[in-house]
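Presented sequentially are two complexes of chain A, the first with chain B as partner and the second with chain C.
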Partner chain A sequence: MAITVGSPEADELISDAKSLLQGYVGATVPFVRLCKIFKLEQNELRMAEIIELACNKKIRLMKHVYFYLDDEFGPILLKDGLIKHYLKFDELYHPVSNAIIENMDVEERVLIEFEVIG
Partner chain B sequence: MTPLTLKTAKEKDLVPIFRSAISAEIDCYGDFVDIIRNVLKRVIKSMIRGRNHFQGLGEDQITYHIISHFDAYGFSSSHDKQIGGHVDVTIEFEDYLWYGEAKIHSSYITLQKGWAQLTTRYMTGMVDEDRGAFLIYNFNKDALSVTTNWREVMQEQYADITLGDVEDDLNFVCSGIHEGTGRPYIVDHYNIPLYFEPKDRSI
Partner chain C sequence: MALNSATFSAATINIGNKISLPDFCAKLRELGLPSSNSWAKTIGQLQDIIDSPKANPTDLANLEILVAWTCEYLASFSKAICIYELGVHAHPYIPSLGQAILAGLIKAGVRQNYPAGEFPALAGKIECGTIIEQFFIRSVTHTKDIFSVVITTVAEYYVREKISVTAADSQAVAKLSDYSEIIGVRKVAYEHVDVIRFSHGVTGSGIVSAEIMLDISRPGATALNQDEISKRFKKYDSLVNTALTTAIPGVKLPAPMNFFPAMDRIYNSKDGNVCELGFATTLGGSVKKEKMKRNTADLRVETWHAGGRNAIASAAIPDTIDIYRLSVSWKITMSDDQPILSVPGSFKALSTGDVRHALILGCTEKASFDFAFSRLLAFAK
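== the complex of A and B ==
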């Protein structure tokens, strides 16, 4: 169940998150690092709930950043729109070649991190 | 801790992240509908590959199987919701609403009844709730002929309907005008071939 935006719980979490993330504005932070910052290494569900709240369009404290884990080039940033296209049409374009990636397990190769907007 | 990927974000404790990723990519009703269509196509493909597991199941059980896939997406999916009667499927996200009507194929009269329920009883025809799907659970042989015949019935019975091309030999889109609002609506027809009668054991 998502934390309700505008609830006292959400307001308190956002206030705490802003404080914890103030040194990271503009940075792209992996999930593992966020768990450490929030001291939630043992509670991934809670961290995921806070991320969901922080990425909410009405809050915009963080946003998703995607990388494609390529065998040859390593992680490559996926430009805006590529994940939307994948979610709508099941086609992921390779960020370098622009060819549709035929890999059956393409979702295993899409890394999610979070840009702190502040 | 394994790296956070689109795949691991669908796992139980990380589902809020997957939900938020979906939510972030929905900017309009069309985005919402396209995601539903994509998920439906995946689910249907998987159902056909595992059609042996659906033998003997009723309409409701099959429909529950389909809508359960939308939980991780942060959509509110319901079976038998009360909107002008009991709609088979509704999927909601914020102010967006999508409708589904499902029928086990037994006769074209049954399909016509389902079609009438979907388009004249349940769908409101309003903005951001004018899209849906008509799901035909087909346990008969030769699903292709059902698509052909059903299109003929629709052309004969519903003069205001425009049928799109058949995709994958079985599915098609159609558009019509909602009687109440006078606005256009669009419905995807999915003919799901679940016939399963292996002959190997009888040899």
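== the complex of A and C ==
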């Protein structure tokens, strides 16, 4: 369940998160590493809730970062414009070729990490 | 020639095959032109401007800029580069060579009457199917030092796609009943935009060079792989050779410039941000591939890499690394692009010492492409 922004629980979580992520400002961190940082390896659902809170526009402790996994080039950062377009219209452009990638492939090809803004 | 409704329509109707809508809309916003969330709506709004009898002259001028930018984009985005040095020639040599090459290309079978209109017009799906493997001269530009020809050609690719199997499918075709999805292979005709260039003094004082710049995009979930790029280069190598021999009897393209030594030079410089590195440790015998998540970060100063580099250099028996693949990117002042220059060797390159083409990626305009190209030459020589 989403944690309400501005609630005492949220404030406490954000304060803890800021302290835990202090050394990671500027880094782009995968979900698994965040679980380790927050010692939530056994509670991924809670980690997801904290991430959702930390990425909230009012909080901006973290930001989603998207990568495209290409066979030839490995992970390629996806520009915000491409992601916004995909989220709205379900159309993802390949970052090197500009070809529209069939939707069914997207879940295998795109991964999300989190940039720590601090 | 002033832009008219028909020319604009031809230039933009199939542009979605090669440019992403977000890139196109970013340019429209920069020019103060209307943009939308679909290609049809966006192109429709632009077409309305040019069709209007009361069109604002500023908007019309911006549409011309848009078409010129589209030409630049197509000639700059995602290219593989081969450079051939043809020796020292007296200046001015390029204008006459260019005209002879053009005649040679036409004699070699490259056509001029492209069916979909003037560059940057692209063929639609049906038209593409009728011009497979044919080469078309689309645009010719020249200065006293550079003669450049844009060529388009349509190739066929196989694209793998998952097809979900529904209950109705299983009922209709009994043998599908055990499957929830199947993989289909579809043949797709795809248009490439390539550039052939002859230059004087670009690779060295007085040296004439030929540069082949090939589009590495393709339909489907990945760009062209090294094998597909090599096949495309072979076709162009043969075409340009025929044109060159026709233009200057007895002259052939030499071996393309080797970019393998450029990798060490880039790595050992402080230029740009090395964002990808494939290497082997000489004594340790390990093979590694490292890549920065963001092109704006430099692997040379990343803690793990720099620590490893220091550790092997200061070990009891010092070790070294041998680089076989490297990518470098820059933040530049003349463009918002962050061009990437890649020397895409494989582990095998450590045996041959040969990487005969480089890639320039992430360029949506000529300024950023030219910058990356100049850096390639600076490190290749």
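The definition used in the following text is that the second predicted complex is superposed on the first by the 117 of 118 C-alpha atoms of A that agree within 3 Å, B and C clash if a C-alpha of one lies under 4 Å from a C-alpha of the other, contacts with A are read in each partner's own complex, and residues count from 1 in each chain.
Methods note: contacts are C-beta pairs under 8 Å (C-beta built on N, C-alpha and C of every residue); 3 or more make two chains touch, one makes a residue touch a chain.
As the structure is a prediction and not an experimental result, all values here were calculated from the model.
A.B. asks: After aligning the two structures on chain A, examine chain B and chain C and state clash or fit.
C.D. replies: In the superposition, chain B and chain C stay clear of each other.
A.B. asks: Contacts for A:56 in the overlay, against chain B (first) and chain C (second): which applies, first, second, both or neither?
C.D. replies: Once the two structures are laid over each other on A, A:56 reaches chain B alone.
A.B. asks: Does chain B (first) or chain C (second) touch A:74, or do both, or does neither?
C.D. replies: Only chain C is touched by A:74; chain B is not.
A.B. asks: For A:31, using the defined touch cut-off, is the partner it touches chain B, chain C, both, or neither? Pick first, second, both or neither.
C.D. replies: first
A.B. asks: Quick one: classify A:117 as touching chain B (first), chain C (second), both or neither.
C.D. replies: A:117: touches no partner chain.
A.B. asks: Applying the touch criterion given at the start, work out whether A:87 contacts chain B, chain C, both or neither, answering first, second, both or neither.
C.D. replies: The answer is first: A:87 touches chain B but not chain C.
A.B. asks: With both complexes overlaid on chain A, does A:20 touch chain B (first), chain C (second), both or neither?
C.D. replies: neither
A.B. asks: Given Cα centres, how many degrees, to the nearest 10, is the angle at chain A formed with chain B and chain C?
C.D. replies: Result: 90 degrees at the vertex chain A.
A.B. asks: In the superposed arrangement, which partner chain does A:44 touch: chain B (first), chain C (second), both, or neither?
C.D. replies: It touches chain B, and chain C stays clear.
A.B. asks: When the two structures are overlaid on chain A, which partner does A:105 contact: first (chain B), second (chain C), both, or neither?
C.D. replies: both
A.B. asks: After the two structures are laid over each other on chain A, how near do the C-alpha atoms of chain B and chain C get, in Å?
C.D. replies: After superposing on chain A, chain B and chain C come no closer than 6 Å at C-alpha.
A.B. asks: For chain A, what residues appear in both contact lists, the one with chain B and the one with chain C?
C.D. replies: Touching chain B in the first complex and chain C in the second, residues 84, 88-89, 105, 109, 113 of chain A appear in both lists.
A.B. asks: Which bits of chain B are touching chain A when the two form their complex?
C.D. replies: That would be residues 1, 3-7, 9-10, 12-17, 19-25, 31, 34-35, 37-38, 41-42, 74 of chain B.
A.B. asks: Spell out the residues on chain C that touch chain A in their complex, using ranges where they run on.
C.D. replies: 18-23, 25-26, 37-38, 77-78, 161-162, 164, 216-226, 276, 289, 291, 293-295, 361
A.B. asks: Spell out the part of chain A that touches chain B in their complex, as residue ranges.
C.D. replies: Residue list for chain A touching chain B: 2, 30-32, 35, 41, 44-45, 48-49, 51-52, 55-57, 63-64, 66, 69, 83-84, 87-90, 105, 107-113.
A.B. asks: Can you name the residues of chain A that touch chain C in the complex?
C.D. replies: 28, 65, 67, 70-75, 77, 79, 81-82, 84-85, 88-89, 91, 93-94, 96-99, 101-102, 104-105, 109, 113
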